[in-house]
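We just call them A, B, C and D in the order they show up, numbering each chain from 1.
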Amino acid sequence: MTAPLAPLCGRFEGLLHSYGVRVYHEDTDATAVVYHATYLRWFERARSDILALVGIDQPGAIDRGEGYYVVSEMAIRYLASARLADALVIETRCDEVGAASLRMTQTAMLGDKRLCEAKVRIGFVGPDGKPRRQPDEWRRAFASITDGTER
Amino acid sequence: MTAPLAPLCGRFEGLLHSYGVRVYHEDTDATAVVYHATYLRWFERARSDILALVGIDQPGAIDRGEGYYVVSEMAIRYLASARLADALVIETRCDEVGAASLRMTQTAMLGDKRLCEAKVRIGFVGPDGKPRRQPDEWRRAFASITDGTER
Amino acid sequence: MTAPLAPLCGRFEGLLHSYGVRVYHEDTDATAVVYHATYLRWFERARSDILALVGIDQPGAIDRGEGYYVVSEMAIRYLASARLADALVIETRCDEVGAASLRMTQTAMLGDKRLCEAKVRIGFVGPDGKPRRQPDEWRRAFASITDGTER
Amino acid sequence: MTAPLAPLCGRFEGLLHSYGVRVYHEDTDATAVVYHATYLRWFERARSDILALVGIDQPGAIDRGEGYYVVSEMAIRYLASARLADALVIETRCDEVGAASLRMTQTAMLGDKRLCEAKVRIGFVGPDGKPRRQPDEWRRAFASITDGTER
């Protein structure tokens, strides 16, 4: 019997979420390293993986017109570069849960080398794109993976 | 007085639509040439430009739940490669207009060198994603840029 | 003890290679389904995964200027659409191994529904982008996953 | 006689560089607005356009192994969203020219509405990816579009 395929491939160890990515051609550019906007796509995959793991059905909420999370601010530092076929881990911690927003720190790691680090502020918006309070259940789901420590 | 910026930058000469693109970092990969899926993005930009030029409001039709065009088949040949900063022209001809579909030929040119050629079949679908007859007005708009010549 | 993260997530069952992907925001467009060019990115990930599994070090060959594989032809049919968070499997079979080329069939599956199917012709090129014979070892690696059956 | 196609479509008015983009399907996601990483691609197009306009041949420098610019830090605020077919202008100002770095402010505008603003720090690196002094000529080219005003 073979192991199952793993498209939902992140996991938590304590409050730290780790999500593996491999660098494919689509992720690189003519300078032979990963294109800078690619990290944002990877960070978003990790956040979507977290939503699924903590039981938040965001695709359903979008379909039902209940609203969804958006990135409202990002502060990104690019520290080192990755190359084709490198196996990276995206590490995510939830730093703060507010009434209408979340703060996370996300880091792309190659082994123990930090490649890219982002402080991300997420807001909840209605189908009109305007900020609103996030659902209580969603807020509690994120509170369960946040220890309130300042970083 | 300065010339206006040109985000809608294609034009027709007779039945041939030409749309200029420049190769940016995002379009290339670690082999230093344009990534193969990039051509599909460029071809789609040219088709969206044609929709706007012939007076079809597809974004409005999507919002109103009236349906939209999708690619149903593509046969693509990659003939030569393009590099960072190359200025290309995407040439598009509409070959055939059916009740629920369109056929087009699209070519990415670097000067008079053919880089990539695609035969594209476009279908019209309802908001449920199921094929349906395209609006008469849309069909007529495409008929006006099609001479019915077999290619 | 926790299971390892799986960034290299494909596997062979006999000659059929399966590679799991999940649909993220980056893969969709304003029509709420997967953008048509996304399938080419997924197909390429699966092919890169196969290269690694059969022991071909393509990133190294690119760095050493020995050449690499490129897509030379693709015939794609879009049959059904996928939505945010869907878990898909990319199935790949190698149909034919030539002196300088490979032919594969790749299919994106959602459960047992076929979403997108591509017949892909891959060519080997030198660092100048010109076709050349593929390395014998690479040809043999692909021959080992090809049964020569016409499809 | 028809107007030329305009793939190099930005321009300076004084020290402000404006670059037009239109929102295509590839730029949006299932929430029907522009995907957050798309703005980074547009900002990079505008910066590449500036390089060409001030006479810096970055593609040539990459090919000759002389080095290139990379993004080292970005602080991004997302203020409002854009939709399919919107015509945006990317405004860029160079704020500071250092020995090995540049600072710019880039804003995506829809009419006079600010959609996304980024403070960008650019570093110059050698082919090994390590920071180095930028070429004098390149530094002077950027100094010519910088007035040294704090913003």
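Criterion: a residue touches a chain if its C-beta (ideal position, glycine included) is under 8 Å from a C-beta of that chain, and two chains touch if they have at least 3 such contacts.
In this text the structure is predicted, and so the values were computed from the model without any measurement.
Listing every chain that touches chain B and chain C alike gives A, D.
More inter-chain C-beta contacts link the pair A-D than the other of A-D and A-B.
Ranking all chains by how far their C-alpha centres lie from the centre of chain A, first place goes to B.
Look at where the CA atoms of chain A average out and do the same for chain D: the two points lie 25 Å apart. Computed centre separation for the pair chain A/chain B is 33 angstrom, with centres defined by C-alpha atoms. Multi-chain contact residues, meaning those touching two or more other chains, occur in chain C at positions 25-26, 30-31, 33, 37, 41, 44, 59, 62, 83-84. Of all residues in chain C, those touching chain B in their complex are 30-31, 33, 36-37, 40-41, 44, 59, 62, 68, 70-78, 80-81, 129.
Here chain D touches chain B in the complex through residues 2-3, 5-11, 13, 18-22, 24-26, 41, 44-45, 48, 52, 58-59, 62, 83-85, 87-89, going by the rule given at the top. Remark: chain B residues 25-26, 28-33, 35, 37, 83-84 touch chain A in the complex.
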